[in-house]
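Two complexes follow with chain A in common, the first pairing it with chain B and the second with chain C.
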Partner chain A sequence: MIESILRATLLGLQLGVTFALVAAGLTLIFGMMDVINFAHGALYMLGGYFGYTIATQFGSFWAALVLAPIIVGVLGAAMEKFTLRPLYGRNPLYHILLTYGLAVMIQGVVLEVWGASSQQIPRPGQFTGSITVGPVTYPTYWLFVLVVSTVILTVIWYAIENSNLGILMRASAHDTEMVNALGIDVSKVFTGVFVFGAALAALAGVLLGATRSVNPGMGAGIIIEAFVIVVIGGLGSFKGAVYAALLIGLVTAYGALVAPTLTELFLFVLMAVVLLVRPSGLFGATEAA
Partner chain B sequence: MSRSNTEADGNHSVDSDHRLIIDGINTFYGDSHVLFDVSLSVDDGEIVALVGRNGVGKTTTIRSIMGLTPPRSGTIRKDGDEITGLEPHKIRARGISWVPEERRVFGGLTVHENLRLAAHSASEDQSDRFEAIYERFERLDERRKQKAGTLSGGEQQMLAIARSLLGPETDVLLLDEPSEGLAPQIVEDVKDIIRELNDDGVTILLVEQNAEMALGLAERAYVLEKGRVVHRSDANELLTDRSAMEEYLGVH
Partner chain C sequence: MSNDGSQQLGRRQSNSDRQHLSRRGYLAAGAALGSAAIAGCLGGDGDETLTVGMAVPTTGVYALLGESITNGFELFLEENDGEINGQEVEIVSRDTEADTSRGVSITRELITSEGADAIVGPVSSAVAIAMMETIESEGSAVWLNANAGDYRVTRDGCMRYHFRTSFNDWQTSAPLAQWVYDNIGETVCIANADYAFGNNSREFFREAFEEVGGEVVEEVGVPLGTDDFSPYFDDIESSGADAIYSFFAGSDAVNYISQGDDFGLFDEMVQTGSGFLLSEDTLPAQGSAAVGKYSLLHYASTAEQTQDFVAAYRDAYDETANVYAAQGYDSAQAFAAAIEDGGSSDIDDIIDAMRGMEIDSPRGNFRFNEDTNDPIQDMHVREVVDGDDGPENQVVETIENVESPTWDCSIY
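After this line comes the complex of A and B, so read on.
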């Protein structure tokens, strides 16, 4: 019993930090541009597939981990510049239609190129084994994912709190027009944030592609978790997304322990409870910026 | 135009004294026509007041100049160069700075972070100017690490003005309702700051609901009514013209 709880805890944390990587981009993009990006899950999926191809073709997980986010980042830049940019400031329904359409298109391309079957990214040689701590045996790869993601999230967190760019992002989430009038070209910042968010999603796609699988449904699957996280954390709040992602990761892992078929239900119940208590999420609009 | 003043109408002149010339602009919010052929000019080193009742287009005039709501027709020139329809950040780079209605400081950022953000777009190091700002605005110096959202209205107004002075050199300041919601004593402080900035050579276009305050500071004044300039004169002249004050501004 204790053993499975401990194991589920580590699984939950590992899932949580990777969910946070996906949700970070979603919430930052919403915070700055007021765009609800339904294609974000598709970018995560592309990360997984590019990662799979690079890892199997070049035989290097590490190349996949570095290159897949770069490729998806470039695609994200094109997507922002050519499709989203003309729609800024319009009714959010346009963004939803556009990004949903992009998600469907990307899924179609993925089915065409990689087929419908599930794949798995081979884990790096160093992390194929497992480690026994007390009564529990963990795959070392879980620990690797946990450490890598935590380091990345910590760096982003620190940068958002302290760097000029972080100040700019927090201010833009609050009042884009004012930031623009202070002499800052916000459209460049938008592109930067979008690319960054896309690359983080792709990174998560590679990391999870070696534990879960890489499949054409993974994008549509993760977008639900990511939206739940963003809503619980408070739209636009990075801090909120990280806390909420850990919460969701743990609920998913413990839920699988108790009632595997009901985990998605648990997520929505959790979201409903949080929204009843704090309608703007854990770190939503009440805390400006 | 029901009244004209004695000095030359600068709208079509290329006189180099004109810092800012707005010539016949028409501005819309969606389909609603807000400004009708508005023309005004602000000379180098002047304080010009733009007054009028609520909802006559004063803020829209400022937003048109700043590029936030670009006019559909007409031109806006700064130091002779046309800036009509440029993006706000490009207009800021040309030395025009905006202190918006309701101040719009970034409440979740500290005082110092608000100022760092404003300095962000400057090409050169601004550490000297930070110190000059903190010397001028002592209250902000004491509150550097405090979140701007927790400042008093007067302090937020000081921060909004301080913020407009960092970044690219400011030579024209667009002030929108700086006295709004402030206690009379604080309004006096704001007036002192506006005078000091003007003495330092900053040209100021002052939009105010509080006409007496604005006319007390300004050399010249324009009155807007239903999106049109209906009067322009020396500020003092308007202030002592009881019938005009009553007709245009509802001041008895």
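After this line comes the complex of A and C, so read on.
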């Protein structure tokens, strides 16, 4: 029993930090541009598929881990520049329709190019066995995912809080006009954030694509969890997204242990409770701010 | 069938006009022929084209299955110059989208406006159950069920129009019980996807396993479409059973097998299951994790009698033929044989010809049960081994002429 709880905890933390990589982009993009990006799950899926192709064609997981996020980042740049940018400042409904359409298109392309059968990214050779610590045996690769995601999140967190770029990002989100007036090209910051969010989602796609199957439904699957995380954490808050992602990861893992069929319900109940108690999410800006 | 009229009046027009014209043609024919058409006296005379309605998903997560069924069907036609009994065959495809209401509406469209003589499909059992009423009430097309294995189509539908050119879910579960008991052990833990098909398989296997003297010590249901299976492994492991029996398919099968391997689930327990757990569409992703596991199916791409089909399919589509392709191919074979034997495309003649028919299938010969139209076929226990191109299924034992229960269905 202790063993299964410890294993579920490890799984929950691992899912949490990887979900946070996906949700980070979603929440930052919303925070800065007020765009609800329904295509974010599709970008995660593209990360998984590019990762699969690179890892199987070149036989290197590491190449996949580096190249797939770069390719998806470039696609993200094109997406932002040619489709989203003309619609900034309009009714958010336009963004929802646009990004939903893009998500459907990307899924169609994936089905056309890679087909409908499930794939899996081959693991790097170093991480095939498992490690036993005390009563718990856990696969090495899954621990690797936990560590890598945690390191990346920590770096981003530090950068957002302390670096000039981070301060610029937060400033643009807070008051776009003022930052513009100070002579900074906000549209470049927007593109940068979008590309960064897309690359993070793709990175998560590669990391999880070697533990879960890569399939045409994975984008639509993760976007729901990501939205729940963003809403619980507070729209636009990176810190909130990280905490909420850990919460959701643990609920998912423990939920499967306790009541498998109710796990998804738990997520939404959790979201409802948070919204009732704190309508702006755990770390969302309050109305006054 | 009224498509004779629509053909003379409306077919062979451009695509955009066709729908409209053929509907008008249909009405005109109906008016002119009146009760003669309804009484089914038209037979096949003057019918130069046979129409086959493909009701399979071509988009979404089941697209691969639908595409394989269509490929198999078309392969047979190509081998026969696109003709059956000297008549040209036209295939009309409609996407079911694996959706029940869509399945019903396209079935009606295929039968009434396209004048389909046969309906091939669907993939999903839920869609099949929804389609039953339409097929029965239209009563003018033979239904070649090329995948939807739910036994309830036989039990509740029990329709003379319905012929399974595939399998039913009893066949892919229950017959394995005796083999597991004889070769692996006396206790089993069942782990299955928690939805109709998975639960049917669980019930059938448990019943059969207890009948041969074994004991099912634990049952673990996992929601359909689960990404992370590790929380479920403890229950399976702590059951201490000799073997696991599973029904999972598609991405569930990939996740279950590869994560089970990660967590050492198969170190102590032998994994067995329905054939969809370890099939051509999941093996490449499962990789070496799949090796040494056993499953039951009516098809194995490595079986001797299947090699001609696999070679022809590879020539045509550059892929290893999967079970769905074989089911599509057999649907075409059954339809062609029925038209040739009965000499007409009249629905009653087709059904008469097809009743109890034996089919020389790539999977090995099978025949339709004379009471239920379900197949009586050999089931293969297969073990995954390392092949030249990655893991593949080898037949370790064949259970011959597996006849399923009739569920009180007696059509004739």
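Here, the second predicted complex is superposed on the first by the 286 of 289 C-alpha atoms of A that agree within 3 Å, B and C clash if a C-alpha of one lies under 4 Å from a C-alpha of the other, contacts with A are read in each partner's own complex, and residues count from 1 in each chain.
Here is the rule we go by: a residue touches a chain if its C-beta (ideal position, glycine included) is under 8 Å from a C-beta of that chain, and two chains touch if they have at least 3 such contacts.
The structure displayed is predicted, hence computed values, not measured ones.
Engineer: Of the two partner chains, chain B (first) and chain C (second), which one does A:A171 touch, if any: first, second, both, or neither?
Structural biologist: first
Engineer: Could you say whether A:I106 touches chain B, chain C, both of them, or neither, answering first, second, both or neither?
Structural biologist: neither
Engineer: Report for A:M45: first if it touches chain B alone, second if chain C alone, otherwise both or neither.
Structural biologist: After superposition on chain A, A:M45 lies in contact with neither partner.
Engineer: In the superposed arrangement, does chain B or chain C reach more residues of chain A?
Structural biologist: Between chain B and chain C, the winner on chain A residue contacts is C.
Engineer: Give one of first, second, both or neither to describe whether A:G221 is in contact with chain B, with chain C, with both, or with none.
Structural biologist: Touch status of A:G221: second partner only.
Engineer: Who does A:V145 touch here: chain B (first), chain C (second), both, or neither?
Structural biologist: After superposition on chain A, A:V145 lies in contact with neither partner.
Engineer: After superposition on the shared chain, which partner residues are touched by A:A55: those of chain B (first), chain C (second), both, or neither?
Structural biologist: Neither partner.
Engineer: Go through the superposed model and pick first if A:V179 touches only chain B, second if only chain C, both, or neither.
Structural biologist: Only chain B is touched by A:V179; chain C is not.
Engineer: Which residues of chain A are in contact with chain B in one complex and with chain C in the other?
Structural biologist: Residues common to the chain A contacts of chain C and of chain B do not exist here, since the sets are disjoint.
Engineer: Please name which positions on chain C make contact with chain A in the complex.
Structural biologist: 59-65, 67, 194, 221-223, 225-228, 230-232, 234, 250-251, 253-255, 258-259, 262-264, 281-282, 284-287
Engineer: Could you pull out which chain A residues touch chain C in their complex?
Structural biologist: Those residues of chain A that touch chain C are 3-4, 7-8, 11, 15, 108, 111, 115-120, 122, 130, 137, 139, 141-142, 211-217, 221, 252-254, 256-257, 260-261, 263-264.
Engineer: Note which residues of chain B are touching chain A in the complex, please.
Structural biologist: Within the complex, chain B touches chain A at residues 66, 68, 87-89, 92-93, 98, 100, 104, 106-109, 113-114, 116-118, 120-122, 149, 163, 167-168.
Engineer: Which bits of chain A are touching chain B when the two form their complex?
Structural biologist: Spelled out, the residues of chain A in touch with chain B are 164, 167-168, 170-171, 174-175, 177-186, 287-289.
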